[in-house]
Structures are given as C-alpha cells and as structure tokens.
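A, B, C, D and E label the chains in the order they appear, each numbered from 1.
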C-alpha cells in the first residue's frame, strides 16, 4: 500500500507540473485515525496531502461529472471507480479525452471501527481497474468471490408476507436523505423522479408508502446498471441493506438475459435498453 | 418502524388502549388493467361486441402501447389502493409499433420479480399478451384474475395509510 | 437527591404510564431516541445518539391541516395531536439545540403553534456527559457538557446513581412524582472531561464572512454529494418544505424536513434557482451554521455534537472548515485565490 | 379549477339497459372539476353533438368527458365536433361504458359502479389535458402496390387513372396472379383471360404504372406520406429493353422444368414465360434450373438471341423509392391439403387434384387445350367427384373459417365437367351450398339442372380400385353410406394467406390474425385500412373472398389512396412525445428504444445559470414519431413525455380509480 | 370557515390560511391575470400596507407568495403570471371559485420616509404590480409627493400590464410622467424600443430629492441599479423588493435567507445600501 502512495504522489507531481492535468481527484487523511475524505489537488504543493491506504472507501467516479468546463481531470481509479467512469462515458456525461485515469489494483478497503475488510470489498468481483491510462502497481489475480447472492436467496426463500414485513421494516426506517442516490454512479439524472412532486411520481412525505415507492423505483432504475460498489449501503445513515436490492436485480438479469457486468466497457447497452426476439416468454 | 408508529405502539402497551380495526363492508376487488390501444383494448371491445360476460371488478386504462406502461404506474396503482394490476399488450411480433412490447416484456419480466421480492403475491400483478381478436382470451384472463384476487382478499401491501 | 441506577427502569415505567418517554435506545444498529416500553434496554452510556431527539419535537413529516372540497366550497381543519412526552437522557449539546429550535419557532413575530404545543407538553431530563466521543467539540461553543442549559431536570452521574436537580419550575413540579424512586445523597465533584477535539471558534464568524468569495469553497463543495444526511442528523437544522397529498376531493397539507444542500431547495417556478451550484448551497449551509444564525439570534447554530462529521458520506467535516477558515484568515489570505470560479449548476 | 362537462350517453338501450345512467350522471356531479353534467339518448347523433356544443357555450366549459361507447369508435367523431367549438379537440376524454361495461356485465349495480369509476377516471385525466395542435407533414404522391393479382392490378389502375404514379411489385415473372390461371368465372361464365388480360395489358402499358416483376419488398422505413421502401429487383438475366419477346430462346432451351403455373401438369423451359398472355410478355431465366448456372454449360439462348438480350452476369438490384401510401394485395394460396388429409390419398393419387389444377385442365389455353383428362393416364374421365370444404370449416385438421368462393367455383366446375364430357356424371359432396352473390343461386340451380348430383355429406375415404377411385361418404340426408366410383376427384381446398404476407405485415407493422390474414382496422367500418396509417389492404390478402369482392376492395383501397393524395400535405399526429429539455441529461437511452428512429441526440448550446454550456439534448422528429411512448418508459428522469398520455394524466387516472 | 379541533389557547397556526372566494378575474395579458379575492362572508381577507405580500393558493395544488397589487374596501387583488404548476392552476380560477389566502407578510414601502420627495418608479414585466402599490399610494396622497415618473418596460407590447392605467389614467395625473418602452418591436407599437436601463438614462430625469423604486427580473435589477448610480442617485434612495425569495412568509422554513437577512421578516423592501451589505450567495 505504502509504495503505491509514493508512486501516486510522484506521478501526481509530474502530471500537475507538466500541465497534462488541471487537477487530480484522490483521497486525503481525515481528522480521525482510519478516516479519509476525497481530495482535489490543483497545485503541486498539495501533492503531499494525497494518500492511498486501506481506508480510501469513497467512490471517485462521480466527482468529475460536476465539472462542465473543458479542464483535464486526473482521477485515481480502483476497480469500482473504473467501472463507474465507464458508466458515465456510456451515458455521455463526460468525454473520455478529458479524463486521465490512474489505475490502482485494490486489495479491498477496511472498516475503520472493526479493522476487517469491508463487506462490499469482500464481495468485489473486479479488483483490477477495467479502464485506465496508467497502472500504478501490478494487476492482482481476481480471487473467487463467495456467493454474493446468499442474502438475496435467503430473503427469496421467505414467504411473501415475511418478505413484505422484512422490507416494510427496512423502509420504515428510511429518512429519504437521498445519500444513496447522490453517491450512486448510475444516478446522473438532472432532476430525479423523487424530486418531481408536482408531476405526481413521489410525494415529499416520509411515510412508509412513499419510502417504499422511493426504494423500489430506485431499485428498478439503478439495479440493472449497478456496479456493486456497495457505496449506497456504506453511506446510508440508517444502515439499510440496500445492496440486497441491487443484487436481486443482478441475479434476475443474469438468469433472464444472460451475464451482464455493468460498466465493463463504455458501449454495451444495459439489459433494458435492448431486447432479443427469443427472450424468456412468461406472458403468453 | 417510523416514529409515529412506535409512539402509537408504546401508547397502546403502556396505557392498555387497544385500537379496533373496523370490519370492511362487502369487499369487491379493485383491479386496474393497463391495456394497449391496438390489441388488448380492441380485444376487450370485441368481447363487448360478442356480448361476452366477465366480472365487473376490472377497469381498463387505455395507453397507446404496452411500452408506455412505466412500472412506476404499477406501483402507484398498488399504493393508491388497487388489489390487482394487469398489464396487457399485443403478442411480441404483432406490436402496432413493431418493437414496443419487446421492451415491455423485458421490463415486466424484471419488475414482476422485484414486486414479488418485496412480498406481493404473484397473482396480484400479471402480464398477458392478448391480441385484438382474442376476445375469449381477454375474458378468460379477467375471470381468472378476479377469481384469484378475490381468493387472496384485499391488498394491504404498499398501500398508503387510510386508503 | 440521588436516583439509584437500579431504580431507573422502575422510574421510567412509572413515567411511561402517563406520558411517552423517549430514551436513547439502540435499534437496528443505531442509537436514537425511541419510546420506552417495559423491558427495553436504555443506552445511557454513549456520548451521543446517532440521531438527535429533534424528531420528537419537530417530526420529519407533520400534517398542518386537512382540507375537503365539496363542489365549490372548501373546509379546512387544523390537525393537532399531542401527547405528553418526556425526553430522558438528553445531552447538553441536544438541550442547547432545543433552545435554538425554540428561538426559531417560538420567537420573531410568528409563533409556530404545532411546535409550541409539543414543546409545552415535553419534559426534558438532561444527563451530564461522562465521556465524550472523538468527534464531540461542544466546549468549543461554550457548552458545559456536565450541566447544559435548557433542560427541566439535570442528572449528573455519580457512579452508582444520578444526582437529580430541578432547573425549572416545571422540573420541580415533575420531581414530586419521582420522589418514591429517589434517595438522599450528595452531588459528587464533576470529573474533568478530556476533549480530543477543541477549536477556537471566537473569530469563525468574521473569517467566514471575509472568505465568502474564496476558492476554498469550490474544492470543498466538489466532494459534497448534495444529499441531506448532515441536515437530517443535525439537532439544530430546522428548514422545512411544504406540500400536499390529495385523495380526490379531500387531502392534507404537510411540512417535511428539507436540506439546503438539496438541489431543488431554493428552486423557484420556471426553474430559476438563486443557489444553482453545490458550492453556493454548501457555503450557505456552513455560513448559516456558523455566522448568519448568530447575526440574527446571537448564538451559533452548531452545538459541536459532531454527528455530521461521523455520518457525512464524503467525509466533509465542519470542524475542519472552522480550522481551515481561521488558518486561511490567519495567513492573511483573504482574497488569495481566484474569486468564485464560474461554476455551473450540478 | 377546470370547468369540465360530463355527457352520459344512453346509446338507445345499449348502455341504459344494464347501467343506471341517471346514477352515473348524479355521481359525476361531484367529480373534481366537473361543473356540468347532461344525459343524452345518442351522444354521437346530431342532436347529441348539438347538445354538447350548446353546453360549451352556455357554461363556458373547457374540458369534455363523454361516457359512451369505445373511443376506438367515436373519438374521431367527437374530436371533429369540437373543432367548431371553443374547446380544443384534444381536451376530450371518452369513458368506454358500453363495450367494456354495459355489454359485458349483467348485474346493473356492478355495471353502474364500474361506469361511475370509468367516468371518474376520464374526468381526472381530462383535468390534466392540454390543448394539442396538428402540424403539416410533406406527402409523397406515389403509391406502392404489392402483389399484382386482379386486386393489385385493379388498385394500381384506379390510382394511375387518377393521375398518381404507382409502382406495382410482383414476385412472379408475370402479373395476373390467380385469376389468369382460371378458365371461366362465375356467375357469368365469361372467360377469365378475356376480362383479366385486357386489365393486365392496360396495367403493363399504363404511363403512370411502373411494373416491377420478379421483385420483392425488402425493407421499409418512415410513415404515412413518407414511406422509404427498398425493393429487391431480382435478376431476370434478360434485358427487357432489348428483348422483343420473340420466344426463340424458349424453344431452344434444353432443360425442362415442371411448370408451377400449370400446377405441375406440364413442363416448361429454364427460360420461360409462365403463360402465353404473360405481361410483360418477355421471358425470364430460372437460375436454379438453367444449365448455364447449374453446370456452367449451354448458354444456347444467349447464342441464338437475335438482339443479344441475355446477360448471365446480371445481379439483383436494390431500388430505394419514396411512397406516400401502400396497397397490400398479396393474394392467397391453397392449403397444402396433402399433409392434412391422408384419407384422400395425401397427394399420392395423381387423379385427386385441387381446384386450381382442374382450372388448368379445363382451360382452353391450358396444357390440354381444355380437354379434361385424367392426369394419370390422359384418358377422359366419365365420372367425377368434387369434395367441398377440404380444409375449410374444419378447426381440427384445417382452418375454422369458410373460404367463401369454393361453393360457387365448385358449381362452375361441375357445370363445365358435365358440359365438356358427354354422358358424364358429377357428384358433389357438400356440407352447405353458400351462394351469397348476385346471380349466384340461379347459377347453382342451373348446375343442378345440368344433372350434377349434390350429396350432403363429407367423403370419409378415397381408395383406388381397379382403375378408378372409390369415394366413401355418408349422405346425411338419407342417412346411408354412399360409395361413388370416380375417374377424377377434385378437392375444393381452403384458401390460406400467401407465405410472404407475414413478412410484408411485419415490415409495415400490420398485425395478422391467428390464421395469418392481415388485420383490417375495423371489420365493418374500416375494412380496407390497417392500423398502420397509409397502408391499405385489397383482395384475399385480407381474407378469403371471390373476384367481385376482391375488385370492389381494390377500388376501395385505391380510393383511400387517391383521397389521401388529394390533400396538399398531411396533418401530423399531435399526440407525440416531447422533450422537457431541463431534465434531459443526454444519455441517449431513448434513442435505441424508438421503433421509428425519431429521436436523435443534438449537441446544442444552452445558458445554465448565465454560463454558456454545450449540452446533448434529445430531439424528437415530430414527423416520424407515432406516439407509442416507448421512450417515455426508457427515460428514468421522465424528461420525455407523451402528449395526450402524459405521466401526470395517467397518474391522475390511477388516483381517481382508487378513491 | 376554519373548524378548529383543538382547545389550545394560542391563536391558530400561522401556516393555516383562510378560505376566501374569487370575486373578479381580469385578463391583463396572455399570461398575466389579476384575481380579486374576498372572504366567504364578504370581508377583506387581511389589511395590508402597500408593499406587503400575501399567500395565495389553490387547495389541492399548493400556494405561492404574491404582492397585494391593489386593495379595496372589502377585497384585495393579486396579479399572477403563469410560470409554474401552481400559477397554472390559479389561472384556471373563475369568479366564485374558493381559494386559500393568508397574510400580510413582509415590511412595506417606506411611504412616510419618502414624503415630500420626487419619485421615480422603475419596473420590468411582472415587476409592475409591486411598484404599483406604492404608486397608487402616492397618487392617493398626491400632495405629499413631488414629481412622479414611471419608467416601465416589457418584452413586447402585449406583455405590458395595466395598459389602461399606463396609457389612459396615469398620464393625466398631475405632475406625473409615464415612460414606457419594449424590448422587441412589434407593428402595433410606435413607442421606444429599448432596454430599461439605457432607456432610463436616456430620459435624463432630474434626481434631486428623489427616491427610486425598482422592481424586476435579476438582469433588469442589476442594470438599472447601475444606471441609477450613474445618474447620481445615492444607494439609500433606491428601494427594491426581493419578494421572489419568499416562501413560507413567517420566517421559519429557512428558505428566504440572503446572507443573514430573512426576506420574509426583514424584507422584502430594502434600500440598495442594505442590499449591497448583504453577502450575495
């Protein structure tokens, strides 16, 4: 980990100096031990604030999208960030030539309180960045992942009422802070359905019914493009098991339409954007 | 559980007051059918032309194509008080707009699994391909759906309080 | 008087028979104020609950009035439902916050009666802090963790019990009902608390105003997601939005928490938005917390509880903002850096 | 609030019988936004429409709900009515309380509740309607007729006579279709060639008709008024400009092939004209059987052609043309009875033939110059058995429907057989004799007078026995089993759609019924139109029928096309998608979903908070968009919405239903 | 009337409106209408001072803040431009429809402080109604004020509001001069075609002892306040209203802050000096 940080700083200094980058997005240390926070470095002087350790949990793929200018942006990308960048490119939110991607193979981040590897990293299927301009450190061999859909299968095995009660209890706790939407790399809409109260999609009330509407519709919108980066679960202040929604979608998509890895490249259309004539037929 | 609900429970437990659920009067299922204008709606009209008989619990909502059915409408229907939702369209390959129902098929294949994952009984949300000439199939679909949902009883899942 | 820790549950059960007693409880992995029911574990050890007691006084969604329209004529009906409630085990940072909410809702020309009724029916039992969290910095705002202001009854931990003292008339009146559970005893000396985080917030207001146009805000706001976590966990945030829910001819108008970091917070008709970019929204949040509110009400709207530090998904830290702005001010760099970079709505 | 008027129709007793219309009207009074309610016996009638217009004036209504029959029936009528009132024709919603309510529910109580719900849904939807306006689309005044049977030819001639250019596409080497194969036509018994070939020649020579034989439609894009059709002109290996049609090459060609036109009775050459009166009267080379292609030898025809018209190197040509309207006249085929009726020999007995083969036998210009002979040994048959409804009206083995024309041409065949062969006997096994046309029944009576014996019953089995075929059947009138020895058996087999009709249907978005016939828009009210605007049907492509009906339908389709071409330009469909630019993030999800390619991503410059920014925004071609709404479901931030069926309107309808 | 179902001693919740009815609707332009409102029993919904605002809403669609553009014995009038979902619903109101109203909110034009001064009223498009309340007050107490100038412009002729008063009534008022310009010419308009600020400066009005009252869109406000400064009007003598920022009206919802000022409580009327002092977010 440590020498990766050194090479990252070294490369950052060079790239900023020779003007290939207007600024670089990475992480810096937070106030407390084991806490990090994203960092935008514009000048060489700040390069020493740049860090790379086992607590860099934030997904950086969404940050460059806010910059609508023509500046050249450097982004440190691990497996999930790289797929996030691919998703943004597929959705036409940013041009590839404005990005300079520093790829880092990721061994998985740790939870500052417990010290163990985060759940989302244990279940990560793409530790190596799928797209990068430069690779810092050599590619890791992708370890087999334990059954990611175990929890989904468990929920599916419950009876209909038990499933309803399980999810009703989960969504009764939701406070609609929309952190899961704002962190998600698939959510780049200008005005989200949940902010369109006048149109009638979703009221502003935080009742169980509105929370369920929010949860299910977000599952429907983002699920088929989910990168399984686990950020929604990390940022949820109420600790709701949101990944079990996306995992369910991924499981169904694999079963029905064949393997689809979101963000593996910046061109394959997502499952619901195209069809096969011989798709599964259940409605005759 | 939301705060109000917790407060209500706590009040009940501590002050021993039981909140009585009033018995619903003769309940009739309320089923909404999103139908595509060119096939199923025409099939339903044909069923009318042939004076076929089917239960009166289904209300048809006409849309240009089954591709226009945004799954959010389905959830909205359940939330506002429907007991069952039907989405009907032309048979794949027969769509008046040629590819509309291919996308619907994929969308509904997934969405039906999501709602089941959230605990809704499969009979409550069904999708059927019914062409403009299959009046009989339309009637049978309505009869079966009404029967199934009457058996299941009123739907309280996803429903807004007081609906 | 001393309340022995073993008698705590009996006291709570007695209180619970007449009012809803909100106590800090750990539910689904988070500590928050939830109604006490027989046998529920009370979590008085932690420095602060993850979610503040704000929702007991200013619920996230609250119906203002119901309306019904028959043909042309309309009838409105104000909905008010309040039950007696007791907030038990409130820290000084939260009682300070409740005072700030009181100032907002109960003063300045208009009195919010919904809040007023809840506030009048609430007995606040504060509990002195024994061992602050890593992110606590209430002392930086002159708050005494052991004995905060704004509570009716103050408890101080004395090892095997709590020293009980009434701070307000209402407190003494409520204490009569407590007497069967209390025993004689003296208040032990308050232990010295060590704060890992202590800041000098004296000139934060001026330095913020000076740095209003500084480029610091661009880089800071770029990592902000624009979600509402900080506002919803903050004990002093009080902004709300109003909307209505129709059901044919009837319906109700309600208000619900809003966050100034949301992109549609200040959206007007015709898509005109005076604060179009994340930078202006985030800057406005910190300015309101640390400067604007003290201009109007005389005290900072941040109580130093550190909840937003712990929960911000992007790791934005208000204590770092205070430190950075005072260091930027110190370095005499008031106009250093380009003026507000021409940012674009995001 | 909006000022909505609700009008409840009785439709005579169609609605009033099983829906309490007064209760519906009463309930409509307190729907949100409703300020005026009225009932009427017939809303679609003149007085009914007058009542609406008057109410609009008096009460200043700005939205109308009509609870009556299906919108598919009278939506256009009511919209036309609104054009001369102050209310925009699209501020109208129709509640279908007849086909989907009064006609299908016996119980008046339930029917009334449903009618009230449907009316409330319509009122809730109309509350969110916005006025819509049509715009002009350019119109290409050239027609495409697919299939050059009598229906295709008639339609092409009518359109061409009206002065509009027509392209007539036929996949066979010559036009004429099925009719030119026939000998005589009922009921007048005038010779089929005498009435068909003049029309063929007229079509062949008409200045406005561009004939494309041996061609097929390959690809179609666009919409009414602006179809872009790619036609594959298959190689004929003969240059029609040079060829004089002298027929020298046909004589010299060494390879012999069974003639499809003569139903296999005779042989034809690899370079051939299907029949003498073919139009265009020039041969084509059948590449699959021509030795030049199969064994790369011969080429005799090229050598002896005096005008050097033969060119073996010719390739298929793809021709792209613009059309304003299309008439589909792909005709019919006969059911492959061999696979279905093993009891009649399954096609193995040479003298058990279908009706078209009999037509070739009896045809004066046919292979046998009109002498009816037994295909097996060429002898003149003395007794003939004709079996009707082979494959028709037989849901288990064949088709459920009646093929309409067989009874009449069956009688004609019997008449011809008896007349041509002295002292012959003709037995006709029938279930019913249907003679629904003018002069039809008289024709059938004459056939009986000629001595044809009609036996009511189906033939159960046919088996050969010493030189003739024993047809075993039951005479249901006498109840006895009947055995008839026949030298020749003619089966009147069922009509089925042409194989290629399915593909044509798919190309133009025209659906087909379960038997494969192309679906007309409405069986009674719009028999020649399809649900795809600008595409019309003529002849047996739409269903089994005889020549008079086919010609009538062809002229009807032609008049529709002429009517369309008389407009200066077309009015566009106003109920199309629109982009709410502020919400569009330029992701392009909608572009791939649109079946008409109506959506493109445009890079445009917009001011965002007084900063100029280049943004990709979806742009909808209002001409191409047909209003299917597929894009609105694909766009997750609902930047795309569909006029007439906006998200708000639909959500309101759902809310109204669930009160 | 309001059916209060609680026995609390405090007065009703300030967020709860009164039910009133629309008694008259006048179409000012294609997208601007004025609605005259009265309580159900025929009284004025609330007394107001020119410059104050009221909350005007349609019951199941929402409510918005509008300046009280005119008031009478037993009615008040709101002038509403159709820009969003609620205003679209308001525009569908017909006389007799019932609406919800509450107010008054905000401070008001400092009519007394301006006594004895000349007045220049500058407005753009839908900015005229707030300015008109003050203008009507000055005309009502004509002797208290000196020369009055009205500089009003809109994008096209058909967008000019209160045409009758603009062209017929006010020009005849003593010592009052009406200057109207449009941004885009149209054949039925023969007057000046200029943006407000250059038009204002071109008039060369005398600014001694003059107070300017300014209200319009953000661009108009920016350019005209600069123009007034060029003309030598001091910042304390320029008054403006930031009523667009108001939302709940009672200073609780936190929406209306510009810097530390709450427009609902401290404004909406400010002098240019006060506006300059605010931190412009």
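As a working rule, contacts are C-beta pairs under 8 Å (C-beta built on N, C-alpha and C of every residue); 3 or more make two chains touch, one makes a residue touch a chain.
Note that the structure is predicted; figures quoted are calculated from it, not measured.
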* **Label of the chain whose CA centroid is most distant from the centroid of chain C** => D
* To do: Return the chain label for which the distance between chain Cα mean and whole-protein Cα mean is smallest.
  => B
* Would you mind telling me which chain pair, C-E or A-C, is linked by more contacting C-beta pairs? => C-E
* Structure fact -> Top of the farthest list for chain B, CA-centroid basis, is E
* Euclidean distance of C-alpha centroids - chain A vs chain E, Å -> 48
* Please compute the C-alpha centroid of chain A, do the same for chain B, then give the distance between them in whole Å. => 34
* Distance from the CA centroid of chain A to that of chain D, rounded to the nearest Å? -> 53
* Structure fact -> Two or more other chains are touched by the chain B residues 71, 76, 93, 99, 103, 107, 160, 163
* Would you give the residues of chain C that are in contact with at least 2 other chains, written as numbers and ranges? => 60, 69, 241, 243, 245-247, 344
* **Contacts with 2+ other chains: residues of chain D** => 32, 582, 593, 608, 613, 634, 638, 647, 651, 655, 659
* Asked: If you look only at chain B, which of its residues touch chain D in the complex?
  -> 28, 30, 32, 37-39, 41-42, 44-45, 47-49, 51-56, 59-65, 67-71, 73, 76-77, 80-82, 90, 93-100, 103-104, 107, 131-134, 139, 163
* **Interface residues, chain A side, partner chain B - complex** => 155-156, 160-169, 172-173, 193, 201, 206-210, 212-213, 216-217, 219-220, 223-224, 248-249, 252-253, 256-257, 271-272, 275, 277, 279-284
* To do: Note which residues of chain C are touching chain E in the complex, please.
  => 64-65, 67, 69, 72-80, 104-105, 108-114, 116-117, 209, 212, 238-244, 246, 251, 255, 258, 260, 265-266, 268-270, 272, 274-275, 280, 283-284, 287-288, 291-293, 295-296
* Asked: For chain A, which residues count as touching chain C in their complex?
  -> 30-32, 35-40, 42, 58, 62-63, 65-69, 173, 175-179, 181-183, 191, 195, 197, 203-207, 231, 234-235, 237-239
* Structure fact -> Note: in the complex, chain E contacts chain D through residues 58, 60, 89, 92-94, 97
